[in-house]
Structures are given as structure tokens and as C-alpha cells.
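Consider the two complexes below, in which chain A is the common component and chain B and chain C are the respective partners.
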Partner chain A sequence: MNKYTLSKRQVVNELSTFYSFLAGFLIALIIGSVILLIQDKSPIDTFSLMFKLSIGSVNSLSSSLNKATPLILAGLGIAIINTVKLWNIGAEGQIFMGAIGVNLIYINFQLTSSTSFIFLLLVSAFVGGAICILIPAVAKVLFGVNEIITTLLTNYIVIGLTIYLVNGPWKDPGSLNFPAAAYVGKEVYLPTIFGKLSYGFLICIFFTAFAHYLKNSSVFGYEMRIAGGSEMTAIYAGINAKQKAFFAMLIGGGFAGLAGGIELLSQTHRVSTGISQGFGYTAIIVAAITGMRPTGIFLVGSLFGALSIGGSVIQTIGVSTYIADIIQVSTLFGALVIQFFFNYQLKRADDG
Partner chain B sequence: MSNKFLETKNVSKTFGKIKALDDVNFNLYKGKIHGLLGENGAGKSSLMNVLSGIYQPEKGSIYLDGQKEKILSPDIASRLGIGMVHQEFRLVESFSIKDNLTLSKSNIYKDNFLKSFKKYSEIFALNVNENEIISDLSVGEKQKIEIMKLIFNDSNIMLLDEPTAVLTPQETSQLKNSLVTLAQEDMKTIVLITHKLKEIKEFTEIVSVMKNGKMVAKDLPTKDVTDNQLIELMMGAVKTSTVDKDNKIGQIKLNVENINFIDEVSNIKKLEEINFHVKSGEILGLAGVSGNGQVELANIISGIEKIFEGKIIINNKDVSNKGVRSRKKLNLSYIPENRLGVGLAPGVSVIDNSIVRDYFHTKLGPHLSKNKTSNLLESLIKQFSIKAPNPKAEISTLSGGNMQKLLMGRELVGDPDVIIASQPTRGLDVNAVDAIHNLLIDQRNKGSAIFLISEDLDELFKLSHRLLVIFEGKIVKSFNTTDANINDVGLAMAGASE
Partner chain C sequence: MVDIQFLGLLNATLQAATLLFIASLGELITEKSGILNLGVEGMISIGAVAGFMTAVNTNNIFLAIVVGILSSSIFASIHAIVTVILKQDQTVSGLILTILGLAVSSLLGKNYVGRKLETKLESIFSIENPSNVLEVFLNQNIIFYLAIIFTITISYILKNTMFGTRFQAVGEDSKAADSMGLNVTKTQFIATCIGGAFAGLSGVYLTLSYVPYWTDNMTAGRGWIALALVIFGGWKPYRTALGALLFGFLEALVPRLQTYGFELNPYIVKIAPYVITILVLVLLTIYKGGKTGAPKNIGISFFRENR
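After this line comes the complex of A and B, so read on.
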């Protein structure tokens, strides 16, 4: 009886994630092209227009990078949590909580120095995100409740809370019928570096480096990896596995919260349901494509930021913006399939 | 003797290089309880798996009632009336007793379930409602349901793989009564695998013995064989020890005083009044069939298990209330029996696994520098001749022997004062076994105090100066390996009382 079995490769090419991403992106472009052709649109024209409108000028490039910032930060948070082999599906909610944290502190405190006030607000954003994941984290370490479900559910709760706040206590009478909180003052706007590029992107670079260090070179990161690999090995090594999982979740939630804070202070300038356009979900795709590598998240996050900007402007030539979403999701799909063949090989076996 | 009900002829099964079954002939007789004895790894479970259609032998044939049968799958086995209870539970934990008992399509009591359940509950002295969920049952109750499942699936041949290993002595004697009833009244043909001679004596009429994949004795009438004969068959000839044991013995390094331990979950006493010490340069062996408290004892000494009675003293320091790390700092190393899962973390790279013992030391920190860690791994690889081509590869890509060398190397490289080595050569090939033995002897000569836990008597006789035997959580005997008889040790391991 000859059967084929899949066996794990002994040695996986170190750049395999990168190659899978490239292949996945290529597959996505092909899928996108087919869809465009069905609609009688020229793929080449569409893609070159998207390219031009997303990175063709200083302004468009800075818009793309601004767009990338929350994707990258939330993606980094997901990657940190994944070091202990846990999944954070709640980045979307944590982004909202980050923004809520900012507004809460903003309306209750006032600092004269706008630099230190901005700093305080960003810290509150981080704390907001961490608080958002607190209940899933406690439920996980104390009772083993599946974090995928709980983090997902917190999204709905937090978005509900946002709707309540912007229709109730925080509703800005000046916004007429649009439910939103009042704008924050110009003194706490994040300044720009050049063009429209916000300082948020600089913070994002800094946090990418920090996440890279945390995951790959710190003792804490090492302890997280062991705890994620086997709780028994962790206990054997004298590592408190549950404690590591708990802090990993809080830090990861904080990253996403910071994304929400930066989005508020640099883009929307007020709390509304439009703080995030699904950044927390796209961030999952970004993190998964890159195999949870911070540098990869930075690069793919930037690309995805550009794709959304490109996608949002091609409406002008009558192409649906969803073409950008299709490309993003197909990239993940393609990359995961290709990655699978990097990790496994098909072998003939005579015996089960 | 009556006619053979089931017969295997020259059945062979190999796994890679290991001959799990080597031309095995085995007979079963209707309505009798058969004992099957053999050391760990002798091939007992493999033979049962062949009979129940889980493994396909490469060679040999099986006859049922004189008819040649090909048992290609568990399904076919169950149609032929052969059922097996595995060493580990295979019940659906979240289902009720009734669902588990009636799950299989070969089930015969679907219609009059309650009546039969009552009847067999009585035979098994089982006192639970049929709607109870499996996960709420005690271990003993689960075992009864496992066996009852065979009856509900109309198995006439019941293969029981170490069913008593998880039972208390009371539950065991209850089980004996139930099995005798089943054999006599229902004409069930039963195979009982156990490591305890007492159970072979009490339960079975016929006994067979396996060693290294071979059937070394079959169809022995239980009442006519002595414990000594059985042990001799199981153990075979003693290999002569070639290790010099005249090395220098120094001061006491590890002291274990009055350890009592009750398992919290099952509320069963796992260790009772354990006392011993190990000196520098000495190897103290602990012999015993697995599951008699060895893992618990090792966990208590290493600091993993924190709630126990008694004292652990390392290098004259009482560490009973100290954690894993402070014991490591007193230079204790622990090589756990569960290599991948405890000693090494699956899913994590070779290099990460190579620093589990000392990662928190400043010599690597504060930032776990890539250079320092890879230098450390490289020197481990060289010193212990480990084959690990890619440091970033996942640990389970290494062979068992190389995994064990990495684990040993990691734990031994700092010349520890005390070493707990649990089943250090289990599942390894001859060359790897030799390499591991040499490592332990080198370390002994450097002055480590070594506590060696093993099921392999050849290994214990070869390496250790003294030998303790653990049985049901108690140290039942101690020997000097130079003048001990291996059969006496085997008898003590099997719980034979003099």
C-alpha cells in the first residue's frame, strides 16, 4: 500500500517567509487582474495608477505611510502575543480603546507643555489597549479560556462602548447629527515630519525596533518563546509560563492601543466609529504573512498602507476600492499556501 | 489444553530499525485469562495492536478458530470480536457513559441498554449513573467503562494493556473478580498485560513472556511457574558490567529525608517515607517499573513539585521551600524522563533549547547576545558530538539520540554537583546509549553525585554503585550492585514479597 505523507522539512530556508510573501503577492496581482479583466478594465492601467497615487509623490507616499502606521503597530502587538503562541483577534477593539483612553485623559487633564501632554496621551493610549485585553488575559491564565474567542468578543463590546460614548456623554453638539466626540485641540496634534507624514510613523519605527529586540534578543522574549513552546518546559526551567503569557498579552494590547492613539492625534483628531477602518483585522493578515517577524510586519504593513491609499483613489476611474482588499487577502492566502510547501514536503511512504 | 481459539504464527513488525515483534507465536484459549509479561519495550503493546488491527505485521499470519484472518483495520478486528483497552484512555471525555458505550457500530446492547448496563455494573462493582459524563469519573471508573465498552461491542477476545497500572490495590482486586466472572460465565477470552507478578499469579491461568520483540516462553501454566522463573525469562542473561567502580567517593551532596507525597488531583499517596542520600562521585540507581512514583520523586528533588512533606538538602542547604532556579544555582541538574515536552520545548529552535538551563545567567545576558548563545551551542555540539546542522531548526528535527545528547550536554556542561537523570537512554540505539553512559561516568569521575532513575536493569547494574528499588511509592529494597543478583532486583520491582 503506497501512500503519500507530508513530512516536516528538516531545514527550512531562512528567507522562505519572504519568498512566500513575494509569491503570494504575485498570485494576488494575478487574481486582481482576472477580476479587473472580467470588468473590462485594464489591469496594467489600474495598477500603475494605484502605484502612482500611493507612492508617486511626497504627499501620496506620506499618506500611505500614515495609513501603514496603525497596521504596523497593531501587527507588532499581535506578533508579540504570538510569541507565547496565543492569538490576538482583538486589535480592532484595542485600537478603539487606545483612542478612548486618549480622549478620556484629554478632557480631564490639561498640561501646559504640549510635548509632555502628547506624551501623556500616548501613554494613555497604550494603557487603554492593555486594559482592553485585560479580561481575556486574566481569563486565559486563570481559567484557560480560549483567547481567540474572548479577544474577538471584546471588539464588539468596545465598539458598542464607542457608539455609546459618541452618542451620549462625549457627543459633540457641534457635530450636528454625526455621532462623534469633540475635536481635540490643535496643541496635541502630532506634528508632521515632511509632507503629510506624521511623527506617528517615527514612533512606529521606534516600536518596530523595540518589538524586534523584545522578541528576538531580550530575556523576556526568550522566556515567552519557551512558555509558548511547552508550559512544562517552562516550569522545568523555572519560568512562570502564565505570567509571561499575561504580560505578553498586555504589551501586545498596548501596541494596538497606541495605534489608536496615534490615529486620533494625527488623523481623525476626534473619537468616532471611524477611528479604525478595520486596521485591527488587516493587522492580523500583515502579522500572519510575515510569520510574526517585526521587520517583516514593518515592510508588509507599509505596502498594505500604500495599497489602501491606492485602492481608495482608483474609484475615480470606476474601479471598486475593494480591489485593494482582494489583493491584501489573496496575498495572505497565497503566502500561506506557498509557506506550507516550504515547511513540508510530500513523501512516498509504504507504511502509516 | 483445550483448542487454540486464536493463534499467531511468525508475526513480525519493525519500526525503522527496531524489531518490535520478531517471529512471534502466541496462543489464546477460549474462556481463559492469559498473562503477558515483558520488560518495557519488549513488544507487548505492539502484539496487541497487531491483533486489534491497528498495526499491520510485515510477516506472519493470524488464525481465529482455525480460520486464517487478515486483520487489516480495527473495524475488522471488532467484527471478528477482538477488542482492546489501550495503555492510555480512549474514551470521549465530554460524552456520557451511555454514549461512550453505544458509540461503536458493532454495539449489541443499543435496545436493552439499561438492563445490560445494570448487569455489568454489578459485575464491575460500578456505582454510577449511565448519564454521567466521562470527565467527571475517577480513573478507576474510567478504566471499568473502557473494559465494559469491549463487552458492549461484543468482543469475545478482550486485550487489556496494563489496565491495573492506574488502579488502587482495592480496585485491582475488584477487577480481578470481574474478569474471572467474565471468563467463566460469558466465556470471554482475556489477555492481561501487567508488570506485577502478583497480578499474574492471581488473575491468570496461562502466562507468556516476551523479551526484545521475541516470545521467549508461551503457554506456561501460571500455577506451575515460580516468580524466579518468570523474572529470569523477562530479564535474560545479565550483561557483565565493564565500568570501573573504584573511583573516589566524597561527601554527601544530596539528602532526601522522609518524603511523603499525595497527588492532589487523584488524592492518591504517590510517595511514602522516602529516605536516601547520594555522595560526590557516587551513582545511586533507582529501579522500578514506570509509574511507581519515580517521576514524582524527581520532580520533588528538582523543585518542580512544591507541595510535599519532608526535606530536600542539596550541598548541606535545605532547599525544600526553594524553587527550581535556586536549586540550579546550588548546581543541581535534572535530566527529565520526558525529553521532548519537559526537558526540551517542542516548536522552539535548537539554539533556544540549548540555553534552557542557564539563560538567566549574566554570562549570556543581559540581552541574550546571539554571539554568546551560538558560541555556547557550538561548544556543546563539539564537546558532546551532537548532530545539529541548523541551530535555528525546530528541536524535533533532531534524532532522539541527538536530542538527548543536547539535553544532557546542556545539563552537564557546568559540572553540576548533583545530577538527577531519569530514563536517560530510553528509546535510544546502542551507540547513543554508550555515549550517554560515558557522559555519566565522566561526570561521576569529576565528582558529581548522580541519582539515576531507570527501568533498565542492565543499565543500573552497569553504572550504579548502589541500587534502590521503588514499588508503589515505597523504597522496598536496597542493593549493592557488586554483589546483588539481578533476579532479586527484578522480583522486588515486580512487588514480590519474600
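After this line comes the complex of A and C, so read on.
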């Protein structure tokens, strides 16, 4: 006989997600240390170096926040779509599509005022991301096709399209060994606030606030939550659940597209396969870890941005960059395990 | 005399189909128990790298297969612990399993990129230059025949045995199954690990036979196509096998279209399988009108309230 039984807690601590995240991060650091020890590297040296090179100076801190920008924006997009209880695994493709949208408008139009031109390009990035999720959204809403698989598969399609474009129609003859499109002109670069910190991060702060408002305070957000809850309630409340799901998906896709546009205009300055280094996938971890809360996504996204920067610079001492990936994933797994203890409790059975 | 090009196409179809099918069969078993595991891509990757490393270091193909299967199975148990025992969200856990699997396999396989395999998984009756359809079938390796045996036995067990009926009851209505005295937690845990074992076998097939080398992300979305195949097959082994053959045929056909006189852009050819998968999923869902045949409890963690 089991001496202990499991029961659901009636009251779950409000900050449980936050505590779970902290504990998960600690667990991840321990797992990371074990992997480093196996490879004969000192965990303390490695982590302190990662810390120093990711947030130790103004320049490294701004690099980290620049890196965090696409993670946060794509994560916010995933969170908005999750309000209607749908998953967006296609953020990676939407990021690429955003960049493609920017380049498409850039090479076909020319505005004299660079401020309004940048604005137009960012809008086209948003539209690009929304177009990218259009087919999964229509398939889901009209026919009920599983959106997880369709959004994931669009990643492979859009990355394939990018490879086609940079090897074919958009190929820059000047770029010899790395296929890429031509650089965009300096007049459309996103300016920097200070150090290397791009205005993209400011846009990111604005969109975090917007996503928070949209999810928690707006009428649309309220309708989305009902649409994602019970079908009967939505019908009773006169809410067109399919319409809400459709627009939630387009907006969420647009957020990820914007991430790609900002990445192009502030970091890479041209379309190539290097537009995203798995940002769309890391964004899933960021969104899931925070329970889809925009403010949480902002904070965890910033931390993960720093981790990625730290992870890429420790290559120089012979540590694989995958250590950062593994820390990020382990954080989520650790957080899930801890979350269990917030949601459930073990009780001694009466009848033993 | 059969056209040599046709035989080549048939051979490539069977190989591509085997790779996809083994993974989808594993996922089918997992999903029949009510657990959705989106980590197929990651599990295939783990099996692929573990099998390849073992084969390079020991030159023992049999050991490589066993290690590949076991490591994926153990890897899948992470998903089982998080979802079955700790009752966390299956979608989140599965997705993360994919990301983790790809990261861990890249980390492990770092020193094996570009390494050559001394002995690859050979076919049982090694026939050089098969000249008819039968010889192409006989020229496959052991995993192909295993796939056929698995299809027949698993379909039989699910349909005709008490064990199979009980097993499916867990995925259809775990509360009822629990009150019948079935051990839901144990069933789901084992089913998840079996799913991982199959994904591992698929991974081993990938690195020991299909493309006998290792590179990062070489699974190239096959895990996701395998997931789509389960839906395509309506959670039935034979139909899933049929779906795998169709997709295997397309994967084999598209790069060959050029030899049949079609001028195609090679970059566009590469995205064709993914476009076709989406298209087929959409058409199939329209055709079935929403009745997919999915186990009713899929994705919902079982929790017996304190009684």
C-alpha cells in the first residue's frame, strides 16, 4: 500500500511561477556545472567569465539586451496566441519572414525621410510575420488542423525560402563564401540609444507593455481568454471564438516578424540564414517558463539573452556554446518539477 | 526488364518510409496511452548520435543499435517523469524535449562530425544491383523487416487482444480505466519509453544506414513529419504505414524529378516535403470533417483525486 497520496492544493502561491523559475535556474546551473566538470572545465571560472562578458560592462550589457530583443518579442507573440490556448511553434519562421518582408519593401520602395522609411519597414516586418502564420491560422480556424505541426513545418518552409532567396534572386555577388542578400543602406539602420544598445530594445519595452495590456486589460484580451476557455461559454457570451483565435494568431505572428525586422535593421543589416539563431525556439522556453506572462517574458528573455551572449563568448576557452542551450532547457525542466510541488502536496494516507 | 530508375526510386521510397514509419509507430503507441510526446525530433536525434558514436568506437553494429534504442528510451523517460508523474503540460514538455535532444546530440556529436563509419548496417541478403522488384525488397536491412513485423504484431495486439483493449482504454478514458483497476501511471510511463525506443531505432537507421555519417540537425524535421503521419494514419498502424510509404515516395521522387525531364530549382525542391505535409494534413482534416480518431484523453494528464 502507498503510505502517501497525492492531492491538489486548494490555494497555489501567487508567486509560484517566479519561485519555480528561480529554483529551476539553480538546478540548471548545477546541471551545467556537472557537464563542465565532465569536460574538465571549472564551473566557477566558466560562469564568472560568462557573467563578466554578458553583463559586466556597458558594451556587453547592451549586446545582451540586443540579443534579448528578438527572444522577448517572439515570446510575447507566443504568449498572445496562447491566450486562446493555441501554440505557435513557428516563431523561428516568422522571424525570417519579418526580415524577408523588410528586404522586399526596402529594395522596391525608397522614401526620402529615413524615419518614416524605418517605420514602414518595421510595419512590413510585422505584416511578414502575420503572413507567415496565415496558412496555419486559416487551417486551424476553418478546418481544425493541428496548429502545432503546421506552424512548426512553416519554419522549414520559410528557412528554405530564405536559402533560395539568398542563393538566387537576392544573392549579393559581393558576398563570396557566405550566401546573403545585399546590405541595406546605413540610412535605415536602427539608431543606438547608448553604447551598442539599439532602439530595438525600446520598441521591445513598448511592445511588452502593449502585450500586457492586450492580454490582461483590453476587451479583446478578455474575449480571447473566453474563446480559449470553454466553447459553450463563448457561444453564450456571443463571442466569435474562431475570429478571436484567428486575430490572436496573426498578431502573435506579427510580433515574431517584428523581431526579425529589428534583428535585420539593428544587427545583421542583411538577409541571410544568420537572421535567427534559434530565437524562435528559445522564445518557446521563455514563454513557457513564465506561464505566458508578458512582464515575466521580458525579464527571463533578458536573462536568456545574456546567457546566449555569455555562451557564445566562452567558446574562446574551449567550452561548447551548447552549454547555454542546455542551461536554458534545464531551467524550464527544473521549473516544471518545482511547479509540481506548488500545485500538489503529498499527504499521509489515513487508512495506510 | 524493369526500368533501373524505377528500382532506384522504389528502393529510396522504402528507405525513407522505414525511417519515418518507425518513429511514427512509436509515437502511435505513446499517444494510444493518452500521452502526447512532441519530442520525436529530439529523440530521433539522440538515438542517431548515440548509435553512431557506438558504431564508430566499437565497430559493433548490433551494440550500436541497442545503445541507440536504450538512450532514446531513457531520454523519453524525462517526458514520462514530467508529464505522467509530475503531471505537467505535455505540449511544453515535449517541445522542450525536442530542443534539449537537438542540443545534447550536437554537444555529444561535436567530435564525430565528418567521421567515417567503418561498418554500416548492411542488408541481410546483400544483392548487388537488384534487377527486379523482389530483389529490391530483399535488399533492405533488418530494420525494414522489423518495421513490417512490428506493424503486424502491434496492429494485432491493439485490435484482438485483451491487453490491447485495456491499453487503449487508458488513452480513451483514464478515469474509467483506473476504476477498472488498471495502472494508468505505469502504462503511460512504459508507453512513453517505448515511443522513445522506436524513435531511437529510427535514429539508428538514419545514421547507420540511411546517411551513414553525423551532422548537426540531420533529422531535418523528420520527427515532425512522423508526428503528422500519426494523425494522417488516424492512429492505426496499417494506415500510418501507408502514409509513411506515400511520404517516403514523395521524398524519394522530388529530387529525382530532374532525371524525368522536369526543370526544378533545387532550393524549392528541398521545401517540397514540408509543403506537401501541410497540404495533406489540411485536406485530410477537411475530408474527415474533424473526426480524426485521436484517443480521447490525449494531452490530459491523469490525476486521481485523493479518495
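To be clear about the criterion, the second predicted complex is superposed on the first by the 336 of 352 C-alpha atoms of A that agree within 3 Å, B and C clash if a C-alpha of one lies under 4 Å from a C-alpha of the other, contacts with A are read in each partner's own complex, and residues count from 1 in each chain.
The rule we apply is simple: contacts are C-beta pairs under 8 Å (C-beta built on N, C-alpha and C of every residue); 3 or more make two chains touch, one makes a residue touch a chain.
Keep in mind that this is a model prediction, so the values were computed, not measured.
Engineer: Name the contact category of A:T150: first (chain B only), second (chain C only), both, or neither.
Structural biologist: The answer is second: A:T150 touches chain C but not chain B.
Engineer: In the superposed arrangement, which partner chain does A:L120 touch: chain B (first), chain C (second), both, or neither?
Structural biologist: Touch partners of A:L120: none, neither chain B nor chain C.
Engineer: Looking at chain A, does chain B or chain C touch a larger number of its residues?
Structural biologist: So, of the two partners, C touches more residues of chain A.
Engineer: Contacts for A:G238 in the overlay, against chain B (first) and chain C (second): which applies, first, second, both or neither?
Structural biologist: first
Engineer: Between chain B and chain C, whom does A:G168 touch in the aligned arrangement: first, second, both, or neither?
Structural biologist: So A:G168 only meets chain C here.
Engineer: Could you look at A:K8 and tell me whether it touches chain B, chain C, both or neither (first, second, both, neither)?
Structural biologist: Both partners, chain B and chain C.
Engineer: Which of the two partners, first being chain B and second being chain C, lies in contact with A:L26: first, second, both, or neither?
Structural biologist: neither
Engineer: Tell me which partner A:I193 touches in the superposition: chain B (first), chain C (second), both or neither.
Structural biologist: neither
Engineer: A:V219 in the overlay: touching chain B, chain C, both, or neither? Say first, second, both or neither.
Structural biologist: First partner only, chain B.
Engineer: Is A:K85 touching anything from chain B or chain C once the two structures are fitted on A? First, second, both or neither.
Structural biologist: first
Engineer: Overlap the chain B and chain C contact sets on chain A and report the shared residues.
Structural biologist: The overlap between the chain B and chain C interfaces on chain A comprises residues 8.
Engineer: In the complex, go through chain B and note every residue touching chain A.
Structural biologist: Per the stated touch rule, the residues are 56, 302-304, 323-325, 328, 334, 336, 338, 341-348, 352, 355-357, 359-360, 365-370, 389-390, 392-394, 396-397.
Engineer: Considering only the defined contacts, which chain C positions touch chain A in the complex?
Structural biologist: On the chain C side, the touching residues are 38, 78, 82, 86-89, 91-93, 95-96, 99-100, 103-104, 106-107, 110, 220-221, 224-225, 227-228, 231, 265, 267-268, 270-271, 274-275, 277-278, 281-282, 285-286, 290, 303, 305-306.
Engineer: Considering only the defined contacts, which chain A positions touch chain B in the complex?
Structural biologist: Those in contact with chain B are residues 8, 10-12, 14, 85, 213, 217-219, 221-223, 225-226, 228-230, 232-238, 351.
Engineer: Which chain A residues qualify as touching chain C in the complex?
Structural biologist: Interface residues on the chain A side: 5-8, 35, 87, 89, 135-136, 139, 143-146, 148-150, 152-154, 156-157, 160-161, 163-164, 167-168, 281-282, 284-285, 288, 320, 322-323, 325-326, 329-330, 332-333, 336-337, 339-340, 343-344, 347.
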